[in-house]
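Chain nomenclature is as follows: A, B and C, assigned in order of appearance, with residue numbering initiated at 1 for each chain independently.
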Amino acid sequence: MIRVAEAPRKLAWRIGEVVESSPDTPRTKSLFLEVPGWEGHRAGQHVDVRLTAEDGYQAQRSYSIASAPEAGRVELLVERLDDGEVSPYLTDELRAGDGLELRGPIGGWFAWETREGGPLLLVAGGSGIAPLMAMIRHRKAAGNDTPTRLLFSSRSYEEIIFREKLEQLAAGDETLQIIHTLTRSRPEGWTGYARRIDEQILNEVAFSPEERPLAFVCGPTPLVETVATALVGLGHEPTRVKTERFGPTGG
Amino acid sequence: MGRGFISRGFRGRRRRAEGDDRVPPGQYLVEGFPVLSAGPTPHTPLAEWSFAIEGEVDEPRTWSWEEFRALPSEEFTRDIHCVTKWSKLGTTWEGVSLDLLLEGVDTAAEYVVAYSDGGYTTNLPLEEATGGKAWIAHTYEGEPLSPEHGGPARLLVPHLYLWKSAKWVRGLRLVNQDEPGFWESLGYHNHGDPWREQRYWGD
Amino acid sequence: MDEQRLDGNAAAGVLAEIFTFEVTTARAACAHCGATGEVGAQMAYVTEIGTVVRCAACDNPLIRVVRQDEGPERYWLDLKGVEYLQLRERM
(Lines give C-alpha, C1' and ligand atoms only; values in the text may rest on other atoms or scores of the structure.)
Protein backbone atom coordinates (compact mmCIF):
# COMPACT_ATOMS: atom_id res chain seq x y z
CA MET A 1 0.00 0.00 0.00
CA ILE A 2 1.32 3.40 -0.87
CA ARG A 3 1.87 5.72 2.01
CA VAL A 4 2.21 9.24 0.76
CA ALA A 5 3.02 11.97 3.23
CA GLU A 6 -0.01 14.14 3.76
CA ALA A 7 1.22 16.66 6.28
CA PRO A 8 2.99 19.70 4.90
CA ARG A 9 6.69 19.56 5.55
CA LYS A 10 9.73 21.41 4.41
CA LEU A 11 12.17 19.62 2.19
CA ALA A 12 15.31 18.58 4.05
CA TRP A 13 18.61 17.07 3.01
CA ARG A 14 19.33 13.63 4.32
CA ILE A 15 21.89 10.90 3.79
CA GLY A 16 20.80 7.80 1.92
CA GLU A 17 22.90 4.66 1.99
CA VAL A 18 23.93 3.07 -1.28
CA VAL A 19 22.84 -0.54 -1.00
CA GLU A 20 23.69 -1.57 -4.52
CA SER A 21 25.14 -0.08 -7.65
CA SER A 22 24.38 -2.16 -10.70
CA PRO A 23 25.22 -1.51 -14.34
CA ASP A 24 22.51 -1.67 -16.96
CA THR A 25 23.81 -0.47 -20.32
CA PRO A 26 27.44 0.49 -21.06
CA ARG A 27 26.72 4.03 -19.97
CA THR A 28 24.13 3.63 -17.24
CA LYS A 29 23.85 2.33 -13.72
CA SER A 30 21.06 1.93 -11.22
CA LEU A 31 21.78 3.09 -7.70
CA PHE A 32 19.65 1.49 -5.01
CA LEU A 33 19.35 3.53 -1.84
CA GLU A 34 18.00 3.07 1.63
CA VAL A 35 16.84 6.48 2.80
CA PRO A 36 16.06 6.78 6.50
CA GLY A 37 12.63 8.22 7.07
CA TRP A 38 11.68 8.01 3.41
CA GLU A 39 7.99 8.73 3.26
CA GLY A 40 7.31 7.45 -0.22
CA HIS A 41 6.95 9.18 -3.53
CA ARG A 42 4.67 9.45 -6.52
CA ALA A 43 5.81 7.88 -9.76
CA GLY A 44 7.51 10.57 -11.83
CA GLN A 45 9.02 12.56 -8.99
CA HIS A 46 12.72 13.18 -8.61
CA VAL A 47 15.33 13.75 -5.94
CA ASP A 48 18.09 16.32 -5.75
CA VAL A 49 21.50 14.79 -5.10
CA ARG A 50 24.28 16.86 -3.57
CA LEU A 51 27.98 16.03 -3.56
CA THR A 52 30.39 17.82 -1.24
CA ALA A 53 34.17 17.75 -1.71
CA GLU A 54 36.70 17.99 1.10
CA ASP A 55 37.30 21.66 0.36
CA GLY A 56 33.62 22.41 0.72
CA TYR A 57 32.82 22.65 -2.97
CA GLN A 58 29.34 21.37 -3.73
CA ALA A 59 27.64 20.16 -6.88
CA GLN A 60 23.96 19.38 -7.12
CA ARG A 61 21.89 17.54 -9.74
CA SER A 62 18.39 16.15 -10.06
CA TYR A 63 17.68 12.47 -10.73
CA SER A 64 14.31 10.91 -11.37
CA ILE A 65 13.25 8.04 -9.15
CA ALA A 66 12.97 4.96 -11.35
CA SER A 67 11.48 2.68 -8.73
CA ALA A 68 7.78 2.28 -8.04
CA PRO A 69 6.39 3.91 -4.90
CA GLU A 70 5.58 0.38 -3.79
CA ALA A 71 9.21 -0.71 -3.88
CA GLY A 72 11.24 -0.70 -0.69
CA ARG A 73 14.40 0.96 -1.91
CA VAL A 74 14.78 4.16 -3.93
CA GLU A 75 16.31 3.48 -7.33
CA LEU A 76 18.04 6.22 -9.29
CA LEU A 77 19.12 5.79 -12.88
CA VAL A 78 22.41 7.51 -13.68
CA GLU A 79 23.77 8.02 -17.16
CA ARG A 80 27.48 8.67 -17.24
CA LEU A 81 28.28 11.81 -19.19
CA ASP A 82 31.96 11.84 -20.12
CA ASP A 83 32.30 15.54 -19.42
CA GLY A 84 29.95 15.45 -16.48
CA GLU A 85 30.96 16.51 -13.02
CA VAL A 86 28.52 14.48 -10.96
CA SER A 87 27.57 11.46 -13.07
CA PRO A 88 31.09 9.98 -13.38
CA TYR A 89 31.36 10.10 -9.58
CA LEU A 90 28.05 8.30 -9.20
CA THR A 91 28.86 5.61 -11.74
CA ASP A 92 32.59 5.14 -11.21
CA GLU A 93 33.32 5.96 -7.58
CA LEU A 94 30.20 5.47 -5.47
CA ARG A 95 29.83 1.99 -4.04
CA ALA A 96 27.68 0.01 -1.64
CA GLY A 97 28.05 1.36 1.86
CA ASP A 98 28.67 4.93 0.78
CA GLY A 99 26.36 7.73 1.78
CA LEU A 100 24.64 9.93 -0.75
CA GLU A 101 23.13 13.23 0.30
CA LEU A 102 19.74 13.81 -1.24
CA ARG A 103 16.39 15.44 -0.73
CA GLY A 104 13.00 14.55 -2.02
CA PRO A 105 10.69 13.49 -3.38
CA ILE A 106 10.26 16.62 -5.43
CA GLY A 107 7.95 17.77 -8.17
CA GLY A 108 4.32 16.74 -7.89
CA TRP A 109 3.37 18.09 -11.29
CA PHE A 110 5.19 15.49 -13.36
CA ALA A 111 3.73 12.47 -11.63
CA TRP A 112 1.09 9.80 -12.23
CA GLU A 113 -0.97 7.61 -9.97
CA THR A 114 -3.22 4.82 -11.21
CA ARG A 115 -6.33 6.62 -10.04
CA GLU A 116 -5.65 9.42 -12.53
CA GLY A 117 -6.54 6.96 -15.26
CA GLY A 118 -5.50 7.14 -18.89
CA PRO A 119 -4.90 5.97 -21.44
CA LEU A 120 -1.25 6.63 -20.68
CA LEU A 121 1.15 7.71 -23.40
CA LEU A 122 4.77 7.69 -22.29
CA VAL A 123 7.51 9.02 -24.55
CA ALA A 124 11.15 8.72 -23.50
CA GLY A 125 14.51 9.59 -24.97
CA GLY A 126 17.48 7.79 -23.43
CA SER A 127 17.70 8.29 -19.68
CA GLY A 128 14.34 10.07 -19.84
CA ILE A 129 12.93 6.60 -19.29
CA ALA A 130 13.62 6.89 -15.56
CA PRO A 131 10.46 8.66 -14.32
CA LEU A 132 8.33 6.77 -16.83
CA MET A 133 9.76 3.48 -15.56
CA ALA A 134 8.49 4.43 -12.11
CA MET A 135 5.04 4.94 -13.61
CA ILE A 136 5.08 1.60 -15.43
CA ARG A 137 6.29 -0.20 -12.30
CA HIS A 138 3.70 1.53 -10.15
CA ARG A 139 0.99 0.48 -12.58
CA LYS A 140 2.18 -3.12 -12.37
CA ALA A 141 2.52 -3.13 -8.60
CA ALA A 142 -1.00 -1.77 -8.27
CA GLY A 143 -2.36 -4.48 -10.58
CA ASN A 144 -3.70 -1.75 -12.83
CA ASP A 145 -4.68 -2.21 -16.47
CA THR A 146 -4.79 1.37 -17.77
CA PRO A 147 -3.95 1.10 -21.48
CA THR A 148 -0.35 2.25 -21.71
CA ARG A 149 2.00 2.80 -24.60
CA LEU A 150 5.67 3.57 -24.19
CA LEU A 151 7.49 5.05 -27.17
CA PHE A 152 11.18 4.82 -26.39
CA SER A 153 14.02 6.35 -28.37
CA SER A 154 17.52 4.97 -27.88
CA ARG A 155 20.74 5.19 -29.85
CA SER A 156 21.15 1.44 -30.32
CA TYR A 157 19.75 -1.86 -29.12
CA GLU A 158 22.55 -2.30 -26.57
CA GLU A 159 21.82 1.11 -25.17
CA ILE A 160 18.15 0.56 -24.46
CA ILE A 161 17.98 1.29 -20.75
CA PHE A 162 15.91 -1.22 -18.72
CA ARG A 163 15.41 -3.25 -21.89
CA GLU A 164 15.01 -6.64 -20.22
CA LYS A 165 12.97 -5.27 -17.35
CA LEU A 166 10.61 -3.61 -19.79
CA GLU A 167 10.26 -6.85 -21.71
CA GLN A 168 9.35 -8.63 -18.49
CA LEU A 169 6.80 -5.98 -17.59
CA ALA A 170 5.19 -6.15 -21.01
CA ALA A 171 5.21 -9.94 -21.25
CA GLY A 172 1.70 -11.25 -20.91
CA ASP A 173 0.23 -7.79 -20.44
CA GLU A 174 -1.73 -6.82 -23.51
CA THR A 175 -2.55 -3.45 -22.02
CA LEU A 176 1.12 -2.39 -21.99
CA GLN A 177 2.77 -1.83 -25.35
CA ILE A 178 6.38 -0.85 -25.86
CA ILE A 179 7.53 0.62 -29.14
CA HIS A 180 11.23 1.24 -29.66
CA THR A 181 13.03 3.43 -32.12
CA LEU A 182 16.79 3.19 -32.60
CA THR A 183 18.37 6.32 -33.94
CA ARG A 184 22.04 5.52 -34.61
CA SER A 185 22.46 1.84 -35.25
CA ARG A 186 20.21 -1.18 -35.60
CA PRO A 187 20.84 -4.88 -35.11
CA GLU A 188 20.54 -7.03 -38.17
CA GLY A 189 16.96 -7.82 -39.03
CA TRP A 190 15.56 -4.86 -37.08
CA THR A 191 12.10 -4.07 -38.39
CA GLY A 192 11.21 -1.35 -35.91
CA TYR A 193 11.49 2.39 -36.20
CA ALA A 194 14.94 3.62 -37.08
CA ARG A 195 14.87 7.37 -36.69
CA ARG A 196 14.29 10.16 -34.23
CA ILE A 197 10.71 10.47 -33.03
CA ASP A 198 8.70 12.70 -35.34
CA GLU A 199 5.08 13.58 -35.93
CA GLN A 200 4.60 10.64 -38.27
CA ILE A 201 5.72 8.09 -35.70
CA LEU A 202 3.54 9.73 -33.08
CA ASN A 203 0.60 9.70 -35.42
CA GLU A 204 1.05 5.96 -35.90
CA VAL A 205 1.79 5.08 -32.31
CA ALA A 206 -0.01 7.45 -30.01
CA PHE A 207 -3.56 7.05 -28.79
CA SER A 208 -5.94 9.22 -30.75
CA PRO A 209 -6.76 12.66 -29.34
CA GLU A 210 -10.36 11.48 -28.94
CA GLU A 211 -9.14 8.97 -26.38
CA ARG A 212 -7.73 11.89 -24.36
CA PRO A 213 -4.57 10.21 -23.19
CA LEU A 214 -2.38 11.57 -20.44
CA ALA A 215 1.02 12.06 -22.02
CA PHE A 216 4.35 12.23 -20.20
CA VAL A 217 7.42 13.11 -22.26
CA CYS A 218 10.90 12.99 -20.79
CA GLY A 219 14.41 13.25 -22.19
CA PRO A 220 16.76 15.69 -23.86
CA THR A 221 15.21 19.07 -24.57
CA PRO A 222 15.19 18.75 -28.40
CA LEU A 223 13.27 15.46 -28.25
CA VAL A 224 10.82 16.75 -25.64
CA GLU A 225 10.05 19.88 -27.62
CA THR A 226 9.62 18.00 -30.88
CA VAL A 227 7.27 15.49 -29.29
CA ALA A 228 5.23 18.00 -27.30
CA THR A 229 4.77 20.24 -30.31
CA ALA A 230 3.83 17.28 -32.48
CA LEU A 231 1.30 15.92 -29.99
CA VAL A 232 -0.43 19.27 -29.71
CA GLY A 233 -0.30 19.55 -33.49
CA LEU A 234 -2.04 16.18 -33.75
CA GLY A 235 -4.84 17.50 -31.60
CA HIS A 236 -3.92 16.47 -28.07
CA GLU A 237 -4.87 18.90 -25.32
CA PRO A 238 -1.81 20.85 -24.12
CA THR A 239 -2.84 20.46 -20.48
CA ARG A 240 -2.72 16.68 -20.91
CA VAL A 241 0.84 16.71 -22.25
CA LYS A 242 3.39 16.97 -19.48
CA THR A 243 7.05 17.42 -20.22
CA GLU A 244 10.31 17.02 -18.35
CA ARG A 245 13.20 18.49 -20.27
CA PHE A 246 16.57 17.30 -19.06
CA GLY A 247 18.37 20.40 -20.31
CA PRO A 248 22.12 20.74 -20.36
CA THR A 249 22.87 19.54 -16.83
CA GLY A 250 22.02 15.89 -17.29
CA GLY A 251 25.12 14.84 -15.39
CA MET B 1 23.75 25.32 5.26
CA GLY B 2 26.31 23.39 7.26
CA ARG B 3 29.10 21.47 5.68
CA GLY B 4 28.34 18.25 7.48
CA PHE B 5 28.51 15.41 5.03
CA ILE B 6 31.49 14.89 2.75
CA SER B 7 31.04 12.67 -0.30
CA ARG B 8 33.84 10.13 -0.11
CA GLY B 9 36.19 10.48 -3.03
CA PHE B 10 34.42 13.37 -4.74
CA ARG B 11 36.57 16.02 -6.28
CA GLY B 12 34.80 18.81 -8.07
CA ARG B 13 35.97 20.11 -11.41
CA ARG B 14 36.67 23.44 -9.90
CA ARG B 15 39.72 23.94 -7.81
CA ARG B 16 40.16 26.36 -5.00
CA ALA B 17 43.13 28.53 -5.74
CA GLU B 18 44.56 29.20 -2.32
CA GLY B 19 47.18 31.90 -2.33
CA ASP B 20 46.66 32.85 -5.93
CA ASP B 21 46.33 36.60 -5.66
CA ARG B 22 44.48 36.88 -8.94
CA VAL B 23 41.58 34.95 -7.47
CA PRO B 24 39.24 36.89 -5.18
CA PRO B 25 38.21 35.38 -1.83
CA GLY B 26 35.82 32.47 -1.98
CA GLN B 27 36.26 31.81 -5.68
CA TYR B 28 37.20 28.62 -7.53
CA LEU B 29 38.90 28.39 -10.90
CA VAL B 30 36.85 26.69 -13.57
CA GLU B 31 37.84 25.17 -16.92
CA GLY B 32 34.82 25.77 -19.10
CA PHE B 33 32.72 28.90 -19.32
CA PRO B 34 29.51 28.20 -17.40
CA VAL B 35 26.27 29.55 -18.78
CA LEU B 36 23.76 30.86 -16.27
CA SER B 37 20.53 32.29 -17.61
CA ALA B 38 17.55 34.00 -16.04
CA GLY B 39 15.46 33.77 -19.16
CA PRO B 40 15.27 32.67 -22.78
CA THR B 41 18.24 33.38 -25.02
CA PRO B 42 17.29 36.25 -27.32
CA HIS B 43 18.02 35.98 -31.04
CA THR B 44 17.62 39.52 -32.28
CA PRO B 45 18.57 39.68 -35.95
CA LEU B 46 21.51 42.02 -36.50
CA ALA B 47 19.42 44.05 -38.94
CA GLU B 48 17.10 44.88 -36.05
CA TRP B 49 19.79 45.32 -33.41
CA SER B 50 20.66 48.73 -32.03
CA PHE B 51 22.53 50.11 -29.05
CA ALA B 52 21.41 53.30 -27.33
CA ILE B 53 22.74 55.78 -24.82
CA GLU B 54 19.82 57.69 -23.43
CA GLY B 55 18.18 59.05 -20.29
CA GLU B 56 19.66 62.09 -18.54
CA VAL B 57 21.71 63.15 -21.56
CA ASP B 58 21.56 66.17 -23.79
CA GLU B 59 21.23 64.07 -26.91
CA PRO B 60 20.42 60.37 -26.94
CA ARG B 61 22.51 58.30 -29.34
CA THR B 62 21.90 55.07 -31.11
CA TRP B 63 24.06 52.86 -33.26
CA SER B 64 22.96 50.17 -35.66
CA TRP B 65 25.02 46.98 -35.77
CA GLU B 66 27.05 48.28 -38.74
CA GLU B 67 27.63 51.61 -37.07
CA PHE B 68 28.61 49.92 -33.83
CA ARG B 69 31.08 47.55 -35.55
CA ALA B 70 32.56 50.45 -37.45
CA LEU B 71 33.64 52.04 -34.18
CA PRO B 72 37.20 51.39 -33.05
CA SER B 73 37.31 48.40 -30.76
CA GLU B 74 39.99 47.20 -28.38
CA GLU B 75 41.26 43.75 -27.67
CA PHE B 76 41.71 43.15 -23.98
CA THR B 77 42.39 40.32 -21.55
CA ARG B 78 40.80 40.19 -18.13
CA ASP B 79 39.94 37.89 -15.31
CA ILE B 80 36.22 37.41 -14.74
CA HIS B 81 34.44 36.45 -11.55
CA CYS B 82 30.91 35.13 -11.10
CA VAL B 83 29.05 35.54 -7.83
CA THR B 84 28.31 31.80 -7.97
CA LYS B 85 31.99 31.39 -7.10
CA TRP B 86 33.66 30.50 -10.37
CA SER B 87 36.47 32.59 -11.82
CA LYS B 88 38.16 32.44 -15.18
CA LEU B 89 41.54 34.03 -15.59
CA GLY B 90 42.91 35.61 -18.71
CA THR B 91 39.82 35.71 -20.90
CA THR B 92 40.28 37.67 -24.12
CA TRP B 93 37.66 39.91 -25.58
CA GLU B 94 37.19 42.54 -28.19
CA GLY B 95 34.78 45.40 -27.77
CA VAL B 96 34.09 49.10 -27.83
CA SER B 97 35.09 50.99 -24.73
CA LEU B 98 32.27 52.72 -22.91
CA ASP B 99 34.53 55.76 -22.75
CA LEU B 100 34.33 55.96 -26.51
CA LEU B 101 30.57 55.49 -26.60
CA LEU B 102 30.14 58.18 -23.93
CA GLU B 103 32.59 60.58 -25.49
CA GLY B 104 31.05 63.99 -25.70
CA VAL B 105 27.87 62.94 -23.95
CA ASP B 106 26.75 65.80 -21.79
CA THR B 107 25.28 64.55 -18.55
CA ALA B 108 25.06 65.24 -14.85
CA ALA B 109 23.82 61.74 -14.16
CA GLU B 110 25.79 59.68 -11.68
CA TYR B 111 24.32 56.26 -12.36
CA VAL B 112 23.68 54.05 -15.31
CA VAL B 113 21.18 51.25 -15.90
CA ALA B 114 22.17 48.73 -18.55
CA TYR B 115 19.19 47.04 -20.17
CA SER B 116 19.01 43.97 -22.39
CA ASP B 117 16.79 42.04 -24.74
CA GLY B 118 14.45 39.95 -22.62
CA GLY B 119 14.14 42.57 -19.89
CA TYR B 120 17.29 42.03 -17.84
CA THR B 121 18.74 45.10 -16.15
CA THR B 122 21.73 45.88 -13.98
CA ASN B 123 22.91 49.12 -12.43
CA LEU B 124 26.21 50.77 -11.60
CA PRO B 125 27.67 54.18 -10.81
CA LEU B 126 28.76 55.94 -13.98
CA GLU B 127 32.30 56.20 -12.67
CA GLU B 128 32.49 52.38 -12.44
CA ALA B 129 31.61 52.18 -16.12
CA THR B 130 34.18 54.69 -17.32
CA GLY B 131 37.93 55.23 -17.12
CA GLY B 132 38.79 52.08 -19.05
CA LYS B 133 36.70 49.80 -16.86
CA ALA B 134 33.89 48.74 -19.20
CA TRP B 135 33.18 47.73 -22.78
CA ILE B 136 30.43 46.59 -25.06
CA ALA B 137 32.06 43.33 -26.12
CA HIS B 138 31.28 41.54 -29.39
CA THR B 139 34.12 39.04 -29.66
CA TYR B 140 35.28 36.39 -27.22
CA GLU B 141 38.49 34.39 -27.70
CA GLY B 142 38.68 35.59 -31.28
CA GLU B 143 35.17 34.46 -32.28
CA PRO B 144 31.91 36.37 -32.48
CA LEU B 145 30.29 36.24 -29.06
CA SER B 146 27.86 33.30 -29.02
CA PRO B 147 24.21 33.86 -28.06
CA GLU B 148 24.49 31.71 -24.92
CA HIS B 149 27.25 34.02 -23.64
CA GLY B 150 25.41 37.20 -24.50
CA GLY B 151 26.00 37.65 -28.22
CA PRO B 152 25.86 39.60 -30.42
CA ALA B 153 27.08 42.02 -27.75
CA ARG B 154 27.21 42.20 -23.99
CA LEU B 155 28.34 44.70 -21.41
CA LEU B 156 31.61 43.72 -19.82
CA VAL B 157 32.62 45.23 -16.47
CA PRO B 158 35.23 42.71 -15.28
CA HIS B 159 36.16 44.41 -12.03
CA LEU B 160 32.71 43.62 -10.66
CA TYR B 161 30.89 40.28 -10.36
CA LEU B 162 29.83 39.05 -13.76
CA TRP B 163 26.08 39.55 -13.26
CA LYS B 164 26.84 43.24 -13.82
CA SER B 165 28.14 42.39 -17.31
CA ALA B 166 24.69 42.31 -18.86
CA LYS B 167 24.30 39.80 -21.66
CA TRP B 168 22.37 40.83 -24.80
CA VAL B 169 22.78 44.49 -23.85
CA ARG B 170 20.82 46.98 -25.93
CA GLY B 171 21.51 50.24 -24.18
CA LEU B 172 22.55 52.31 -21.22
CA ARG B 173 20.15 54.66 -19.51
CA LEU B 174 21.85 57.41 -17.53
CA VAL B 175 19.91 58.28 -14.39
CA ASN B 176 20.22 60.66 -11.46
CA GLN B 177 19.12 58.14 -8.90
CA ASP B 178 20.44 54.62 -8.61
CA GLU B 179 17.97 51.95 -9.75
CA PRO B 180 18.69 48.40 -8.55
CA GLY B 181 18.50 45.98 -11.45
CA PHE B 182 17.17 42.45 -11.91
CA TRP B 183 19.38 40.72 -9.34
CA GLU B 184 20.20 43.78 -7.24
CA SER B 185 16.55 44.10 -6.34
CA LEU B 186 16.40 40.49 -5.21
CA GLY B 187 19.25 40.06 -2.75
CA TYR B 188 22.41 40.62 -4.74
CA HIS B 189 24.71 43.39 -3.61
CA ASN B 190 24.16 46.75 -5.20
CA HIS B 191 27.85 47.24 -5.93
CA GLY B 192 29.30 43.74 -6.35
CA ASP B 193 33.07 44.02 -5.80
CA PRO B 194 34.56 40.50 -5.80
CA TRP B 195 37.60 41.63 -3.82
CA ARG B 196 35.38 42.69 -0.95
CA GLU B 197 33.09 39.67 -1.50
CA GLN B 198 30.08 41.90 -1.97
CA ARG B 199 27.72 39.13 -3.02
CA TYR B 200 24.49 39.82 -1.12
CA TRP B 201 22.74 42.70 0.63
CA GLY B 202 24.56 43.71 3.72
CA ASP B 203 27.87 42.08 2.74
CA MET C 1 16.07 25.60 -28.76
CA ASP C 2 17.24 26.92 -25.42
CA GLU C 3 18.92 24.34 -23.25
CA GLN C 4 18.67 26.47 -20.12
CA ARG C 5 14.89 26.53 -20.45
CA LEU C 6 13.36 23.77 -18.33
CA ASP C 7 9.85 22.88 -17.22
CA GLY C 8 8.41 24.57 -14.15
CA ASN C 9 8.78 21.26 -12.35
CA ALA C 10 12.55 21.89 -12.31
CA ALA C 11 11.95 24.73 -9.84
CA ALA C 12 10.17 22.35 -7.47
CA GLY C 13 13.26 21.75 -5.34
CA VAL C 14 13.99 25.40 -4.59
CA LEU C 15 10.31 26.17 -4.07
CA ALA C 16 10.01 23.27 -1.65
CA GLU C 17 12.67 24.95 0.51
CA ILE C 18 10.27 27.81 1.06
CA PHE C 19 6.74 26.55 0.67
CA THR C 20 5.27 23.60 2.45
CA PHE C 21 2.56 23.13 -0.15
CA GLU C 22 3.23 21.68 -3.59
CA VAL C 23 3.78 24.71 -5.81
CA THR C 24 4.17 22.94 -9.15
CA THR C 25 0.54 21.84 -9.16
CA ALA C 26 -0.70 25.25 -8.05
CA ARG C 27 -2.47 27.25 -10.71
CA ALA C 28 -0.86 30.64 -11.39
CA ALA C 29 -2.34 33.64 -13.17
CA CYS C 30 0.23 35.79 -14.94
CA ALA C 31 -0.02 39.39 -13.77
CA HIS C 32 1.35 40.53 -17.11
CA CYS C 33 -0.72 38.72 -19.73
CA GLY C 34 -3.45 37.04 -17.72
CA ALA C 35 -2.66 33.49 -18.88
CA THR C 36 -3.36 30.82 -16.26
CA GLY C 37 -1.78 27.43 -15.88
CA GLU C 38 -0.09 25.09 -13.45
CA VAL C 39 3.28 26.31 -12.27
CA GLY C 40 4.79 23.03 -13.46
CA ALA C 41 3.68 23.86 -16.99
CA GLN C 42 5.53 27.18 -17.06
CA MET C 43 9.17 27.63 -17.98
CA ALA C 44 11.92 27.53 -15.36
CA TYR C 45 15.48 28.78 -15.40
CA VAL C 46 17.23 27.14 -12.49
CA THR C 47 20.87 28.05 -11.87
CA GLU C 48 23.15 28.76 -8.94
CA ILE C 49 22.53 32.50 -9.18
CA GLY C 50 18.79 32.08 -8.77
CA THR C 51 15.60 30.55 -10.05
CA VAL C 52 13.20 32.32 -12.37
CA VAL C 53 9.87 30.79 -13.34
CA ARG C 54 8.48 32.53 -16.42
CA CYS C 55 5.04 32.56 -17.95
CA ALA C 56 4.94 30.01 -20.76
CA ALA C 57 2.72 32.35 -22.75
CA CYS C 58 4.55 35.67 -22.48
CA ASP C 59 7.93 34.95 -20.76
CA ASN C 60 7.31 37.49 -18.00
CA PRO C 61 8.84 36.43 -14.67
CA LEU C 62 6.21 34.85 -12.44
CA ILE C 63 8.33 33.78 -9.52
CA ARG C 64 11.95 34.72 -8.75
CA VAL C 65 13.99 33.19 -5.95
CA VAL C 66 17.47 33.94 -4.69
CA ARG C 67 19.00 31.92 -1.89
CA GLN C 68 22.03 32.87 0.15
CA ASP C 69 23.43 29.80 1.82
CA GLU C 70 26.56 31.11 3.44
CA GLY C 71 26.53 33.43 6.38
CA PRO C 72 22.93 34.27 7.18
CA GLU C 73 20.76 31.78 5.35
CA ARG C 74 18.32 34.04 3.58
CA TYR C 75 15.90 33.84 0.72
CA TRP C 76 14.51 36.57 -1.46
CA LEU C 77 11.22 35.81 -3.12
CA ASP C 78 9.52 37.92 -5.76
CA LEU C 79 5.96 36.97 -6.61
CA LYS C 80 4.97 40.24 -8.32
CA GLY C 81 4.51 38.43 -11.61
CA VAL C 82 1.75 36.28 -10.16
CA GLU C 83 -1.75 37.67 -9.92
CA TYR C 84 -2.81 34.77 -7.73
CA LEU C 85 -1.86 31.21 -6.88
CA GLN C 86 -4.63 28.66 -6.60
CA LEU C 87 -3.55 25.65 -4.63
CA ARG C 88 -4.77 22.19 -5.48
CA GLU C 89 -6.88 20.33 -2.99
CA ARG C 90 -5.00 17.79 -0.99
CA MET C 91 -5.27 14.45 -2.72
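Worth a mention:
Definition applied: a contact is a pair of C-beta atoms (placed from the backbone, for glycine too) under 8 Å apart; a residue touches a chain by one contact, two chains touch by 3 or more.
Nothing here was measured: the structure is a model prediction, and the numbers come from that model.
Across the assembly, the mean Cα position most removed from that of chain A is the one of B. C-beta contact counts were set side by side for A-B and A-C; A-C has more. Distance from the chain A centre to the chain C centre is 23 Å, each centre being the mean of its Cα atoms. Between the CA-based centres of chain A and chain B the separation comes to 38 Å, rounded to the whole angstrom.
Among the residues of chain B, those in touch with two or more other chains are 1, 35.
Among all residues of chain A, those that touch two or more other chains are 248.
Of all residues in chain C, those that touch two or more other chains are 2, 4-5. Interface residues of chain A facing chain B in the complex, by the touch rule stated above, are 13, 15, 51-59, 85, 89, 93, 98-101, 248. Residues 1, 3, 5-14, 16, 28, 35 of chain B are the ones that touch chain A when the two sit in their complex.
Against chain C, the residues of chain A that register as touching in their complex are 4, 6, 8-11, 48, 62, 103, 106-110, 221-222, 225, 239, 242-245, 247-248.
Only residues 1, 35-41, 82-85, 118-119, 148, 163, 183, 185-188, 199-200, 202-203 of chain B touch chain C when the two sit together in their complex. Residues of chain C that touch chain B in their complex: 2, 4-5, 43, 45, 47-50, 52, 54, 59-61, 64, 66, 68-69, 71-76, 78.
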